[in-house]
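Sharing a structure below in structure tokens format, with a few things to ask.
Labels run A, B, C, D and E following the written order; every chain starts at residue 1.
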Amino acid sequence: MKDIREDIAWVKINQDVMKSLENPRKLYWVILFCAICAFGVGVSCEIYQYRTGMGVANLNNPQVWGLYIATFIFWIGMSHSGTLLSAILHLMHADWRKPIYRFAEAMTTFSLMTAGLFVLVHIGRLWQFYYSLPYPNERGIWPNFQSPLLWDAMAIFTYLSSSILFLFVGMIPDLAIARDNMADGWRRKLYTLLALGWEGTDRQWRNFRVTYLTIACFLIPLAVSVHSIVASDFAMSQAPGWHVTSFPPYFVAGALYSGCAAIITLFIILRYTFRFEEYMTKSILKKIVRLTFAIAMVWTYLNAVEFAAVWYSHDEASKAVLIQKATGTYAPFWWGMIFCGSVVPLVFAFERFQTNIPVLFATSLLLNLGMWLERWMIIAPTFSHGLYPWTWDHDQWPSMVQWGMVFGSFGWFTLLFMIFCKVFPSVSMYEVKEMVYHRTLHLKKSEAAEQGAH
Amino acid sequence: MSVSNLLENWSQFRHTHPVDDKPHDPYKWAMSIDLDACTGCNACSIACYAENNIPVVGKERFQHGQQMHWMRIERYWDEDGREFADQGAQFLPMMCQQCEAAPCETVCPVAATNHTADGLNSQVYNRCVGSRYCSANCPFKVRYFNWYDYPTDDAVWPAEMSQQLNPDVTVRSKGVMEKCTFCVQRLTAAKSVAKSEGRIVREGEVQTACQQSCPTGAISFGNLVNPESRVHKQWQAQQVEIDKDKQTKDEKEEGSELRGYRIFEDMRPYPSVMYLERVRESAV
Amino acid sequence: MSKRNLLALYGNFEEAELVVKELRAASISGFNAGDDMVVKSPIEHPEVEEFLGDKPVYVQWFTLVGAVMGGLLGFFLISGGQANFYMQLKGGKPIVPFPPNFILTYEMFILGGVFITILGFLVCAGLPAKRSSLYSRKVSEDNIAILVEVEEAAVSAIRAIFVKHKALEIQEEAGK
Amino acid sequence: MYRFLRLPILLVGLFMAVSSYAANDPQPTLTTEDSLGPEIQQPIEFPHNRHAGLRNPNDPTNSDPLKGGMEIDCQYCHTYARRSAVAGIPPLQKCIGCHQNIESVRNKPRIVELFKYWDAKKPVPWKKVHDLPDFVRFNHERHIKRFVEQQNRPTQEACGYCHGDVKSMTVARRQKTLSMGWCASCHEKAHPVTAAGGTPVGDQAYWYSFQKPAAKPDASGVVKAQGPNDCWQCHK
Amino acid sequence: MIDSGIDRRDFLKVLGWSGAAVALSGCGNTSVEDGKETVVSYVEANDYMIPGIGVYYNSTCAQCDAGCSINGRVREGRVLKLEGNPDSGINKGKLCGLGQAGVQHHYNPDRVREPILRNGNKGETITWDKAYALIAEKLTGVKGEEIAFLSGGVSGHLKALLGNYLESIGTKNHFVYEALAPVGVRAANLKSYGVALPRYRLDKAKVVLSFGADFLGSWISPVHFSQQYAQFRKGMDGQRGVLIQVESKMSLTGANADRWLVVKPGTEGVLALGIINALGTTSGEIAELVKPYDHAHVTKETGVSASQIDKIAALLKLRSPSLILAGSAVEGYAHGAQNAAAINLLNHVLGNVGKTIEAPSNVPFPQLAPIVGSTASLKSLNDGLVAGQYKVLFNFAANPVFTAPGAFKFKDNMAKVGFKVAFAHYMDETAMQADLVLPLDSALEDWGTQVPEYLADGMQLNIQQPLMEKLHANTRSMGDILLTLLKQRRADEYKNFEDYYAYLRGSLLQNKGALGAGGSDDDNFWNEALTRGVLKISSSSATLADKAATSGLQLPKAETADAKFPMHFIPGVTASLRDGRHANQPWLQESPDPLTTIVWDSWVEIHPKKALELGIVDGDVVEVTSKSGSIKAQAYLFPGIHPDAVSVPLGRGHEAMGRYAKGYGVNPFGILDAIFDKETGELALHETRVSIKKTGARVLIVKDEGAAGGMQMGRRIALRKTTDQVDLSEEV
């Protein structure tokens, strides 16, 4: 099984990909409409909450964070695989990344944007949000740089802007292709503008190569730092269940994990929606699935390390939280997380499932669910069962407002992603060409060697 | 932003609290609460409502855990499974412990909560953006968030009731965190008077609302660095030192006869509130 | 002396390579193979560098400057902000604590690096640029284009070389 | 080869310069045309210049209000400033106390208006001019104590730090931004504990906040300390 | 004149405070906003009226009968907070939560603001003149015995004025009703000590053995007793006082006891006699009396173990003086007064009378002395109502429709009266039944004097004065109303008194010699009295008897269980809600009950063992049924109650009284049986028997306590030592 056919014509690549930008099918509009509706639900929940107060989320005084922060981490985690994998694989010259990295990076960008929404939604006084930005102001004061939340904001801003730049830079040659192939209209103007006058000259390619490589180098430590900083929101605090040294790697692993799962999901959807079977081949899918399996096992291991560390410590409060997770109100969700996160991926261990698309699709959705539950299980039990027993809460349950916003965030993400797929080429054309070209050369070489041997 | 300021005063900026050589002078407000005298009557809690414009949230919001009492009276039972609570209950007034190394302060993204020069953990309502991280990181869970806009809520402060509001204390609107301030408005007023006379605040000159109302005098409040103050004497008698995370008395045998302790001392928040253990007669 | 642009398209890389080699070998007056020739390709060919001669890339210097400046700015902005008015103790930590500042410095280091690298890329690659007058959309499909800028007099010689190598298409700028 | 480095260096340099300038100078200025706060409709247009303004320079002994101000001390009317956090407005009886004996202006429309309020026993609904947000608690008493009583500065100078040149206004208008950075810009500096000629109160140690005043005078012979800088000094 | 000294009363009028703007928008808007707000300013102001600085006035707390003196903080003409007045011997500068909530009585949005003429459920606002005329009209031609005046306990000048008015309309039917008055204890005390309420000296006692006296929560004068308690705990010579509480349902005092002894409801007296028996120091008739109360008998009756009785007896012998208290939990039975007398006997035996039980001061002006209320008084009114005896009924400071036991059917009986006048602050249940509702000034707007029934620290006349101007223009002081009504009858006699203030000032000045200020100038005396808020008057002590009141002391035999109503019903009296008259003060509603931490609702306390037996868990809605009615409330499993008893707190379950009271909880008064103390005729509050049944519904209990249920989970939060582990002598 080959990652890609070597004899595929370059013109055909252009045509196939450009076709995905053409007039959308009915299904596209249906999905887009649903996404808008879902987003609308989220927006109306937020408007209601903004006007009435955070209380409508049914948060309370120990349980101050709720689903907002849980879903925030979920989206941050989701963002990790795209750019990080793309960058790592780029550095490692794994050319099978080429057909899939574009949408993965887009996924990164959009899930970061979604995560950012949750920060805003979570803030009690959204209208004073600018207080947390470091800029010289007439109040003469600065935000608190000691706060992990500020590190978070900084890291996310860096990551988001770098990811967007990485995505954009990598897309410039494709934008030029789109510009050249598009009939006159707003889109052509847009591509002309965004392609920055790219012509594929030797000078452009030369600088392009170095730049792309450099940013990829920066992105790897950055991506690792982003999620470990998100982890330090928890690990830096004193709350039982959070104050765990293994949190940063645990979060990074979890992030990669959920990101990979999301890549599988979107891979399958794109492959069918845009008929990218030629490019998004099962062979590539198999590689991702194996990678995901490996990460799943890393995650499982780190999860076990965390429990073990808590269990063998003398920190009674943390132990109590762990016991509460396993046996208390949240037990179904906690065990659900263990099941979805550690048991379900075992499916990937079987070769015949590694290319079985329906199975993979279902599995990847379960993995995502598991990872969402993981984030919730980090947040809620610690709050409801914290250090101070007097404030343990009575089965706090998120209100419809919270659920509505979680729901809405999926709509928002889908909306952005759907628009992206129609506006920008979701498969990197020039890089697929490179892939084909290099594989052809390789093939020729090996053929020549073979003939020589004869 | 002056980098010159940074370089000039570098050594000042590297001091830590309270374990480093940065003593509070001339004020360090502290409290001691005698649990043996506390009867759990709630007078302090209501005094706090009256003094600090705390909203009454109503039944439904209380049910959701959105109550705002800065000072709550906790009631604990014996945990040895006895049939009747025949040793009575344990009451414990819990409010912001004004930690010297407060876990809430470091995590606030906008620096709405800081440590003041007289040893209080300040909460600045107008600066707060409502991330609620401070509450998440507070070991005592004594920070209360305004889940709704109580000032405009007619059930909380109808026009008549709002006339009772203390003008010295900001009325908190929705989305801000609040907590016990050791009645900072009273402290500031007393300090202002003392400043004008060129002295420090005398013992007994200022009382917190809870202390003032407590019928059994279980709450002592004052300036810990003033050797005249009752709080100072009590802390000294109980051999509780503010900058220790393990008291030296606990290593000595006679220390076990002393009742003073601080909650979660070993987590090193260095609370400013010392509790005196409840005593039970052994003869009955 | 006016100059004219010539563009030839080739279907595969080997052929284009031969053309370039021949152009370099041929000494045509009014044409400098090093400066006046540009190769446009649909994908990145590392080989192009070999036969066009090693041209330096300066992007990494931007990266260095950007990263260092970002880091320094980060550290001093943060420390200065902390040390400035409302310098207040938080959580018993020093007013200017190192660990958080290092984390933020680290992020600013990367941020500066990435931003200035992109800036460097735009500067070094001469982007955004106006499109050159001779361009074929086939370059973005699968053709390699060789663009030369020559003296009026040398046009025919160049054209001859192009034709010789069976250029798929030759575009010529109209004379002025 | 460094040709194309010029632009980025310029841009980065510009950014640094602008941001460091902005960071060093966080005080905005009033953006109205005459650099004053909004004009305010008071129930009676109280002429501050007439009461507090300087006497007629041509004839300093003549205190005829028609020819100049009367140089009445700010604290003659705003008596609460030295005793309370709020400066307050004098009770109506204070206005009447003088004006019932000043027959010459008795029939001026503003005075007639004033007596209407008096007869109805209704306080004049004066509007706040320097109206800080509700969560800011400026303490007049402390500033009067420090500048007027302790450092013997003239009242008009001390009040003028924040209220501007009121003696030249009719209805008072805001002259300073009163933003937090503006307040803070004063508090963050080390100031002499007592100015030359000032009267020390007590042993002086009690008006600093974060930094203790130096035990000994510095080279210029003054003991300096920083203004209080707890957030809770003004926000409670 | 502008600068002359303004009389305090006039002062409130001329202040002319303009600033209605109350800073509500706390921390929203951040920009400087010139010219949007009005400055607080006055027309005239005294020197001490400085904007931004609070002024303190002394007055008297009217939230309960203890008579604490309050110190109200007033700023810009508004009263902000009530604190204790340090000059008062009763509360010495302290104030309980109930007292502090007095500002919410004053500012309550549900106060009656206009006189209302009611017609069925409709009300019509009328003028005061019309209201007075209406009363005069309705009284014409009505015989004195056809008029009834129901009030709560009153004292001071208001009592005198009220008496004069009743005399002027020719009625002797003044019914004084307090739902939770210590009637049984008073009767027993009279027998044992010769006075109804002696001065209890907890601070002098080394051991306090309290039989159901919730002196820290709601009994007689809790703030005073709390202060004594603090002294008692510190003890003399470093020996900490020991508190033992005997009761069937844990009270706040019980929760603070060193040993809380649960007894079978109603057998407190048995235990007391058992202890006397165990002391073994008596002879004569007492020995004779206690002889049957040996360990076996007492243990069987009360459920208290023999070893425990011996321990207590040993402790009482060892540490002297001690103090034995008989409180409200022991008097609520048909043998309540007997119960209390048996307990008082223990004081006699231990020789505490005269040591920790002291003679109270006499009230030198009998016309000002308080008339104490009782349910017995309500019963006689009710009997009269049943008989259709009354044509006109006045009601002041009582809410019998809410607090009368259900068996009285008071609401129905009241309907038989032709014309009902209610002097009311709120539209409470009784006012809802009235034909004419007259709005009263709040306690913080009113003038008055008060003499507390329990004189903690010598004779003291409490002065009540307005802390601020009237909030609502059309409310009237009760004194003014009575004066106006009196003028209808005896215009000549009262024409010199312009209003109640003048009456009060006049009569105090008239008696200033007796009040201990003979020589001083009228104004000085008056101002001094207002400044201090209390007038301490030297007065003689009552004589205290130390009687072994054994004659007629007979405790009933253990009764057999009632199959239909097997459980004892104990109405809980909480420190903040008492009989429910302040249930519309939100601070009190939201202040968690100290023992259960429940807010805004009623609950049924059940012992966990019993609950297990009945299959009841926390939050189950259970139906409590007595002969007289039934209520439904959430169950709360409570380790401080006898397994055969259930308890529902009083004070909640209002059907009227405004937004903060109406609809919260249930009213246990409604299911009380009409069983009376055989000796005093007082309602036996604890004598009702009930059955409980699960309804199947379950609610989430609204309480402050977290899911850990009052457990510390080993977190070292509230710590405890025993007396042998600590050295208290060195403590500061």
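Keep this in mind: a contact is a pair of C-beta atoms (placed from the backbone, for glycine too) under 8 Å apart; a residue touches a chain by one contact, two chains touch by 3 or more.
What you see is a predicted model; the values in this text were computed from it and never measured.
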Please report the smallest number of touch steps linking subunit C to subunit E. 2
Required steps from subunit C to subunit D (each step between touching chains, minimum): 1
Centre-most chain, if every chain is reduced to its averaged C-alpha atoms: B
By number of C-beta contact pairs, the top two chains: B-E
Separation of the C-alpha centres, subunit D versus subunit E, in whole Å, is 53
So how far apart, in whole Å, are subunit B and subunit D when each is placed at the average of its C-alpha atoms? 35
Whole-Å distance, subunit A centre to subunit D centre, using C-alpha means? 55
Taking each chain's centre as the mean of its CA atoms, subunit A sits from subunit C at a distance in Å of 30
Could you pull out the residues of subunit E that touch at least 2 other chains? 23, 25-27, 30, 52, 700, 705, 710-712, 715, 717
Multi-chain contact residues (two or more partners), subunit C: 77, 80-82, 84-88, 90-91, 93, 120, 124
Among the residues of subunit B, pick out those that touch two or more other chains and give their numbers. 1-2, 12, 67, 72, 74, 103, 106-108, 111, 114, 116, 125-128, 170-171, 176, 264
Quick one: which chain pairs are touching? A-B, A-C, A-D, A-E, B-C, B-D, B-E, C-D, D-E
Subunit D-facing residues of subunit C, complex: 56, 58, 61-62, 65, 69, 73, 77, 80, 84-88, 116, 119-120, 123-124
Under the definition above, what is the set of subunit E residues touching subunit D in their complex? 2, 14, 16-18, 23, 25-27, 29-45, 50-53
Please name which positions on subunit B make contact with subunit E in the complex. 35-37, 39-43, 45-47, 49-51, 56-59, 62-63, 67, 69, 72-77, 79, 82-92, 125-126, 128, 151-152, 155, 157-167, 170-173, 176, 209, 212-218, 230, 233-234, 236-238, 256-259, 261, 263-264, 275-284
Which residues of subunit C touch subunit A once you look at their complex with the stated criterion? 38-46, 48-49, 52, 55, 57, 59-60, 63, 77-78, 81-82, 84-86, 90-91, 93, 97, 100-101, 103-104, 106-108, 110-111, 113-115, 117-118, 120-122, 124-132, 135, 137, 139-142, 147
Complex contacts: residues of subunit B adjacent to subunit D: 1-2, 12, 25-26, 114, 116-118, 120, 122, 124-127, 168-171, 181, 184-185, 188, 191-192, 194-200
